Amino acid sequence: MAVVEKHAAMTASGVSGRKAGRFNSDLPQVWIGIALIALTGFGPSLLGNEYWIHTFQLVNIYIGVAIFQNFLFVDAGQKSFGQGALLGMSAYGAAIVYGLNGWPLAAAAVFGIGAAMVGGLLFALPALRVQGFHLGFVTMSAAIVFPQLLVTLDKWTNGINGINVKIPFLTQERAFGLSLIGLAIAIFPMLALVTHYAIRRSRLGRSMFVAALSPEAARALGIRPGVMRFIAFLIAAVGTGVAGLLYLPAVVFVSPQGFNIEMSFIFFFAVVVGGRGQMLGPVVGIWIVYILPNILLAQFIEYRLLAYGCLTLLAVMIFPDGIVGSLERLRARRRSTGGGEKAFRIDNFLADLDRRSLTSRPQDEVIVEVIGGTKKFGEVVAIDSVNLKVRKGEVHGLIGANGSGKTSLLNVLTGLSRLTKGSFKINGIDATTMAADRISTMGLGRTFQTPRIFPQMSLWDNLRIGLDARTENPSAEVAALAARLEEAVGEDSAALLSHGQRRLVEVMRTVLKEASIVLLDEPAAGLSQSERQHFAELVRFLSRKMGKTVIVVEHDLDLVWNIADTITVLEQGKVVASGAPVAVAKDPAVQHMFVGARHA
Amino acid sequence: MLSEILIIAIRGIAIGSIFATIAMSFNIVHGATNIFNFAQGNMFILGGFAAYFFANQTGLPWWLTMMLVSSLGIAAIVAFQGYLTLLPLRSSVEQDSWLISTVSVSVIIGALLMITQGPFAYSVSAMLPPFQLFGTRTPGAYGLAIVLMLFWFVALRLFLRKTFLGLAISALSQDFDAARAAGLPVRRLQLIAFAISGLMVGSVGFLVAPVISVNPDAGLRYVLNGFVASVVGGIGSYAGTLIGGPLVGVTAMLTAYKIGGAYQDLASLLLLVGILMLRPQGLFGRVTARRV
Amino acid sequence: MLEVTNLVAGYGTVPVLRGVSLAANPGEILLIGGENGAGKSTLLRAIAGFNKPDSGTVVLDGKPITGIAPETAAQMGLRLVLDGHRVFPELSVFDNLRMGAAARRGDRAGFERAVEEIYTIFPILKEKHRRFARDLSGGQQQMLALGQAFIARPKVLLCDEPSMGLAQALLPTILAFLRKWAETGTAVVVVEQHLAVTAPYADRAMIIERGQVKLSCRADELEARLAGEPVVEAT
């Protein structure tokens, strides 16, 4: 029965192409999250229960921190085990300035957030060089060292005794049992949630996410992963810093023991248990990880660390997506059973651009030129004194056996690796030592052997990162195309796209980027015969209708001979033949590449 | 002055030997699985607790027996942990889950120790008497730490280069796909690697118990310093840990003597960040031995 | 000995094989050719268990082994020699051979005899048996990789581009070795680009194009069949 339905739906979707449902439930999750926070932020005050007021104030502060941990962990891909230390830096910073030195509150706020930002920058510094478990160890060490320093530097921190801070102005009850700080603490996690959502929906958020998922794809789109990491750590530090400021009046007391590594683990574990990347994850996560052991097992308080650990281990083993993540997956699956593989036909969209009836031709102007380019990896010479000229508007095929240096050459041209000797120019400008992101902004776009399509993002967002990569406003045509695409695939998932369609999406991304030079790395691999023909048309369209220069590395010789204006043959890093397809096919140096005698 | 330098050097090298052994135990697991076991420090402390409970103030034969038994027990625990850690990695696309699961196992062990033993430091009586070295009285366990580091270095070298099992584990770290193609039972080998790492930290934890602070919180310090030793020496390099460990140890001791004991971990952290920024492959590390 | 039916496989969402069938018989060499990217390596990897096939079956000696782990396949007698002369670089030549015995533990005498045989066929390996494998030339590494597989005495040998990255002159030596090996009753499948050199050593041949079998014939007919193929039309 279900199968029949699915089949029927697939056929239907082939015609209509549209179906109901959002790509993800971020927005509803934000609303649910705000409702839950409001309930726990205002409810206890209305009831006048001191115990619950205090407990949920702490919970909501922690939720705020966990939201920024979630952002840092998933949206920016930075695994930090030290967010608790940042919270402590801010709370302590403010406590020292206000509580010990009696400066005004505003100065305390600035100092507290400043301290958290300095901490965040210290985390970001090693993140420029290393990732993954290295960063985990560094941040974890920092979280261990921080309380030690608080104890040792007792001249400034009051050491093991901690600092008592009373701010009656903030904690005094104003209306409905609510104090100013109570109000601020209720609103803070809501704002954190909205901030997270807003960043995720922004150009910055998408760039950050791409940088986290695939640094090389990001660089090819003009994004600098290091800068993204820095910004992410700073945002998380500021958010956590604000939480620290709220923590101080709410708890009234800071001490080194309050900010030990255990606290950092709470935030990390809450994100994992709640659901990595889910908007609601930190809310549910903190509730489970913190409330469950602290309230339900209040008489076994010493068991709470054990409970955190066990809950997290169980989550990794049984619900790797966390609680909200598992629910979200269920929802996504239910939604997609009606969809099947989407028929994403890009040529329909491209036809729109076909206003320039002029058929462009390759020009004599050289747009890409490699002069004596050599690239060595240790002793291995990948590219050996290559000279290459690509004319503006032509389709230039690069062929050669595995390991002949084709992809190395592409990587050099896109700035992902640097020539050992020689130079190359793009548009007459020397680009030999340019970083990938700068080359990208000069109008270069590329695709990868395995398409960099990110199923975590919607199909539209996958395309949109091409638009994001632009430095100027898009031309009217591209803007119109983008609008149509958004309308057509706005809430679609990229996960179900077939390989051939992913290829097209990646090419479409370069179109939205309005790259004038498009580099295609083995685009036909994995395409069926009809998809190959389709692809050949697309390349011809890019070149002849849109006037783009296309450099294509490809094994399928039929395809190359079919679409290329010029073919360059590489063998063991050297150019062995270059010229018009007909001439190159007759070149004896090339003959052995063909199985049989097809092109002779 | 000279004697002070000597004390710093000897104690630093001895403490560093512990870090080096932990770093070697990281290496064997990391080579076979690409996993860095965050729980290794608490496994080490388990060894210390075993010494306290089973071999405090006993005779030599019993002490030796217990050292063997508890090291084997910890090896079994680590192997089981390895089994759990590898479980989600078999099918899932998400290959980072080990980071979370090993951290949570570390927290679980720490919490269990805290619940059962309380936040106290336990002192374990020394088996070996102190000895005179360059005119300074040195606790016997310091000597044991250095001897044990050298023992494990030589034992691992022989094991990894001479025995079939060890060669197979080395093969795994050199070319995972080729090892599978050759029919090496990769999962079993990975568990054995985990078990050996448990044997190493269990034995060193047991032996050095008299000179360390055996308390439920101490594990994290050792896992971090072990990691720093591993990074300084170059991840994957066994010979590197022989330098990296003592270097970290001497740095910590120097800091303790010159600035204050509370700054030891800060010094290690700064050393770690410094190395990662300037030379992420470590002092002796090659860029990578594994072909992708 | 080995029967592959309608194998469909790829990497993630990338489809590479679109329904390939083949059979390898004891004592025979099956040559598989085709352009780069046609799916030859993927085919061998899918048979050996490195890629989980999306559909289709692999049967070894009557037992279905579709999608089993590669180490299990190796222990059952199906041995893949990966392309790019992959050996364990930090192990000695002799230890590399020892690793071959992983798929046939407990047969000490057989192991020693097999090592002697390999040393007789490739004396250079005997000469360098204490050296690290990383110090060998590419060709010697390929001999070693094959030697390691030989030690295991598999029922089916899959050999992925033995000539990759080597001087072509070495290919006949390697092929002659495979030929002799096949004649002892092993089913051998060789993927190779250099068809003209390889065909004389093979019994049957197959050309893969875009993930499908384009032609399948006796090895000695291959050249004629390829020459007779019409030029693929430009679309």
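Note that the chains take the letters A, B and C in the order they are written out, and that residue 1 is the start of every chain.
The rule is simple: contacts are C-beta pairs under 8 Å (C-beta built on N, C-alpha and C of every residue); 3 or more make two chains touch, one makes a residue touch a chain.
Owing to the predicted nature of the structure, the values given are computational and were not obtained by experimental measurement.
*Asks:* Mean of the CA atoms for each chain, then the mean for all of them together: which chain is nearest?
*Replies:* Central by C-alpha mean position: chain A.
*Asks:* Relative to chain B, which chain has the most distant C-alpha mean position?
*Replies:* Result for the farthest chain: C.
*Asks:* Need the CA-centroid distance for the pair chain A / chain C, whole Å please.
*Replies:* 40
*Asks:* Whole-Å distance, chain A centre to chain B centre, using C-alpha means?
*Replies:* Here the centre of chain B sits 35 Å away from the centre of chain A.
*Asks:* Under the touch definition given earlier, write down the residues of chain B that touch chain C in their complex.
*Replies:* Spelled out, the residues of chain B in touch with chain C are 161, 164, 167-168, 170-171, 174-175, 177-186, 289, 291.
*Asks:* List the residues on chain A that touch chain B in their complex, please.
*Replies:* So the residues of chain A touching chain B come out as 79, 81, 125-126, 129-130, 132-134, 136-138, 140-142, 144-145, 148-149, 151-152, 261, 265, 268-269, 272, 302-303, 305-306, 308-310, 312-313, 316-317, 320.
*Asks:* Under the touch definition given earlier, write down the residues of chain A that touch chain C in their complex.
*Replies:* 401-403, 450, 497-499, 502, 522, 524-526, 528-529, 532-533, 536, 555-558, 561-562, 593-599
*Asks:* Could you list, by residue number, the parts of chain C that touch chain B in their complex?
*Replies:* The contact residues of chain C facing chain B are 48, 50, 69-71, 73-75, 79-82, 86-91, 95, 98-103, 145, 148-149, 152.
*Asks:* In the complex, go through chain C and note every residue touching chain A.
*Replies:* 10-16, 18, 33-38, 164-165, 193, 195, 207, 210, 226-227, 229, 231-232, 234-235
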